[in-house]
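The following pair of complexes shares a single chain, chain A, combined with chain B in the former and chain C in the latter.
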Partner chain A sequence: MARTSLSVARLPVDPLGIIGLLALVALWWGLSQFHFLSRLALPPPAGVAAAITQNFFSSSYLANYHLGYGGLAGNLAYTISNVVVALAVSCVVGVALGFASARVELFRAFADPIMLTAGTIPILVTAPFFLIWFGTSRSAQIALLILFDVTIVYLFAQRAAANLDPTYVAAGRTLGAGPMRIVSDVYLKGALPEVFGGIRIALAGAWGLEAFSELLGAPKGVGRVIQAMAAEMDSQMVFAAIMTLAAVAVAFDVAIGGAFDFITRWRRRARL
Partner chain B sequence: MAEVELRNVGQFFRRSGGALVEAVADVSLVIRSHEFVCLIGPSGCGKTTLLQLVAGLTPASQGQISVDGAAIAGPSPERGLVFQRDSVFPWMRTIDNVSYGLKCRGVEKTKRIEIARQYLRQVGLGDVERSWPRELSGGMLKRVAVATVFANSPRVLLMDEPFAALDYVTKLQLHQLLLTLWEQHRPTVLFVTHDVDEAMLLADRIVVMKEGRVVDDRKITLARRRTVESLALPEAVAHKEVLLRHLGLGELVQDRTAPL
Partner chain C sequence: MKRTTAHRLTSFGVLVVLAALWQLASILMPYESVPGEPMIPGWQILVTRTFLSLADYWQGGLGVPSVAQGGPRTYAGAALAVLSNSWDTSLRLFTGLTLGVAVGLVAGLAVSWSKWSRRIVALPAQIIRTFPMLALIPMFQLWFGATFLGMALFVAFAVGVIFFTGTVNAVGNVSDIHVDYARTQGASRIQIYRSVILPAMFPELRSSILLSLGTAWTAVIAAEFLGAQTGLGQIIVFAQYFGYVGRMFLVALFLLFYAAITYALFERASRRLTEWMPRELATPDRYGAP
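And now, the complex of A and B:
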């Protein structure tokens, strides 16, 4: 008889995480309410919430600073699209190079030093070079993110493919799988859990890096909003921009974590 | 027909220190069509290496291996292999594992699912076709592996200590299942084991390897299906004594020349 596998509904978010988040908001509210810090240093949560709702879908206030008429949402869309495009490119390139380096020793000898060097470059220091190479277009931000993401995805993909039990590859070959099927049905599927881990780490770091890279001449984006509002000493809007970006990052992580969990449901432990 | 012939087959590899190791040395062997041959020998004697050479997973350093006169060149679904370690893909449901070989060969989906279901029923797993491998026990996984290989209709079946990690009862059940499938489909079998009783129960012929070489090759003519009683017959006991001596277990064999 098969071992029991109860289909207990899995919560996409840890309840303890929500409690922690609520505790943080409560602390923030307490600190601002009892004036431990000035409103400039720490605006109250209610004020930040109001700034978000008033400037979310359209904002003439932000338009005054050449940040478009789309409000926070328009700037978020710019930031999100850069992060998503860079991650998609990095997944394709990083996984392909990682698998190739795990399988072909000669390629590994060639690719490892390049990727490891890329991984040790202080990414923020290189940002001005991207501005010089790509100008103020979004290509500069995307290229910077790709440099960051692709190294992480490459290392995770390489390790996953190298760690895959060779018995699975041998089994596939004796069952009649050709080289393409071995890559798609054995390496890719077997390595997915570890590769997904790398993608989540790359994504988590990409939000902050994208916001930073937007400071270097991007036409818009959440980073630009933060920069413009900080120059105006409008800490309420700075917090509003940070909060919306954090909410988007968390939502993406939860959604991607859920999707990855579903795709790799074959490895979920049976709950007895 | 699937006659396997090994002619002067050798396999060498270098240890990290640079020393040349002869894992298989000048092995010549003919396994006739439909024959069930067990390859037995102490650990490290080259049994698994030889099996992998016949599977085509590793090219031989010297000599030639052929099936029905055609030299082998790499792995082929015609030579199915059941591994000692778990080889069932954990990321595929049971039915998808069993039908995978057929998918690789381009068999249409409805047909391959029908064939896979038939083999799953035959190995007693008809009710778990949608289960993930992690939901199955070790014995069930071996049944899936056996069904997967038989579903691919191999002409030669290679088995590398497939039941070594199983408990006694499960192992005996799987022996009976394997014999049933072999009697129905009659592939030529090369079965690696270091279990003398297992070899005596299954084999038409037992080939003994030591230090990479074939040192004994004996026909087992006991009537099939073999039982506990048939394995206690004088012929069986005589074979077992010789095999145990080959495995370095002579002290377990009664010295017939000594006074009782």
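And now, the complex of A and C:
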């Protein structure tokens, strides 16, 4: 029994989890197949899969709604690029401000009220402001995402740097490390695991936020596809767009989680 | 002076400076979004003309006629508009929040009853949690229309997903020692749940509750942005159509105030429930409320 548990634990995915996932798809299929819900309310999985494959790389259907000829992939590329650009900017700004606030009390006293206010306000409230200031251009969506991501990364970076055992800094100094080495080799590396957790949370929230800000006004993107198709009551395409975006979100989460695990492979992991 | 007092005073000072910077920006950048509507309205405009203009959103009653019925813009009308729309938003928010918490908690506890069911739902729950929740709002509108039920259910769904996964994780992380100790005392499974698991999981569940609060506010505003006839989110989106930045800013301030109050009330309530814990462990883990 112990051997079986060990071999299951070594698998990248729990087989029971796969069964759970299949059961979920089966439930979806059953609800639509046996007309517990109308096709308009819940299109069948096969129909959604067909809509994705037919409209993925090119789509004259989506082009009719001024969504470009690139199909779902072209709109996904727009959404992904916005999320990635915003996250990259936020990581640099959020980590720098978070570390600075953790070490410099005066700076923290100034930065905390601003960041906590930004964290307390329901972020969507700011979306219409960006629409008025920047129009429906890409910058309106990126600005909204940066505001959201920076707040999260800042809080995580601050907490990570504050939680870092001072022994590491003392050891670094004893070994002759200068201030820059202390920041790069002690603070940055020591705080990375916790900061990475924050980045994953920021990324997870960013997909929906980007899609919604596109819904309010954008030249293209998955959110625009959802908006146009919902107005046409084409629930199959709405589901197709949501599913592709969800697949991208899950793929990014898995990829980034794997990359973070690789980068912090020196970490001692708990043996449970 | 105590360190915490000095910290609070500095924080307050920073907020005052921010308000002053807004005022300065309104003087230095006197642009207009539409004729007669400043792009950055100063405080003297916000608390007078802009606040008064919120009377447009009062539907009439209580002796104060609505502007649409030909009544004048009055401070009483503006105050009633703010109160009635805040009430509508809060009702959607707290109905959805209560429903989401109840369903998420009960489903999470039910699934946690056995290790097998916990393993079966772990992967689907992880994937569903990664779903772009805000992108689902058009589906809810398709299913339920822009109704109270649709908006409340959207909030409940967003909160329920977080609460469900949070509960499953929290139960899974309750130390075996506590459970084994109760078992050796002869406690039944229900008694273990009531006396050990529920109190022990609460500290970890606090993060989920804080995350749920932030998500609920975002979800209710998202729902109101797309088709609601009342509510603070609806005022913002209508004001945006006409370029009324002042109204948007004022309503955003109300929302900030309400969100801050809900966080503060929860902090106070949860502090009592975790009095038995060492203070450091009880410190809330607040992050990620979009």
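General remarks:
In this section, the second predicted complex is superposed on the first by the 249 of 272 C-alpha atoms of A that agree within 3 Å, B and C clash if a C-alpha of one lies under 4 Å from a C-alpha of the other, contacts with A are read in each partner's own complex, and residues count from 1 in each chain.
What we mean here is this: a residue touches a chain if its C-beta (ideal position, glycine included) is under 8 Å from a C-beta of that chain, and two chains touch if they have at least 3 such contacts.
Please read all numbers here as calculations on a predicted model, not as lab measurements.
Partners chain B and chain C, once the complexes are superposed on chain A, both fit on it without clashing.
Once the two structures are overlaid, the count of chain A residues touched is higher for C than for its counterpart among chain B and chain C. In the superposition on chain A, A:Q227 makes contact with chain C only, while chain B stays out of contact range.
When the two structures are aligned on the shared chain, A:F148 is found in touch with chain C, with no touch to chain B. After overlaying the two complexes on the shared chain, residue contacts for A:G190 are found with chain B alone; chain C is out of touch. Touch criterion met: A:V250 reaches chain C, while chain B stays clear of it. Of the two partner chains, neither chain B nor chain C is touched by A:P219. After the superposition on chain A, the angle chain B-chain A-chain C between C-alpha centres rounds to 100°, nearest 10. By the touch criterion stated above, A:G176 is placed in contact with chain B alone, chain C being left untouched. Of the two partner chains placed around the shared chain by superposition, neither chain B nor chain C is touched by A:G258.
Contacts of A:T120 after superposition on the shared chain: chain C is touched, whereas chain B is not. Here the smallest spacing between CA atoms of chain B and those of chain C, following superposition, is 9 Å. Residues 13-14, 16-21, 23-24, 40-41, 109-110, 112-114, 117, 119-129, 131-133, 148, 152, 155-156, 198, 201-202, 204-205, 207-212, 215-216, 222-223, 226-227, 230, 233, 235, 238-239, 241-242, 245-246, 249-250, 253 of chain A touch chain C in their complex.
Chain C meets chain A in the complex at residues 7, 10-12, 14-15, 18, 33, 39, 116, 119-124, 127, 129-139, 141-143, 214, 217-218, 221-222, 225-226, 233, 236-237, 239-240, 243, 245, 248-249, 251-252, 255-256, 259-260, 263, 286-290. Considering their complex, residues 2-3, 5, 165, 167-168, 170-178, 181, 185-186, 189-190, 192, 264-270 of chain A touch chain B. Against chain A, the residues of chain B that register as touching in their complex are 55-57, 74-77, 79-81, 83, 85-87, 89-93, 100-101, 104-105, 127-128, 131-137, 140, 148-149, 152.
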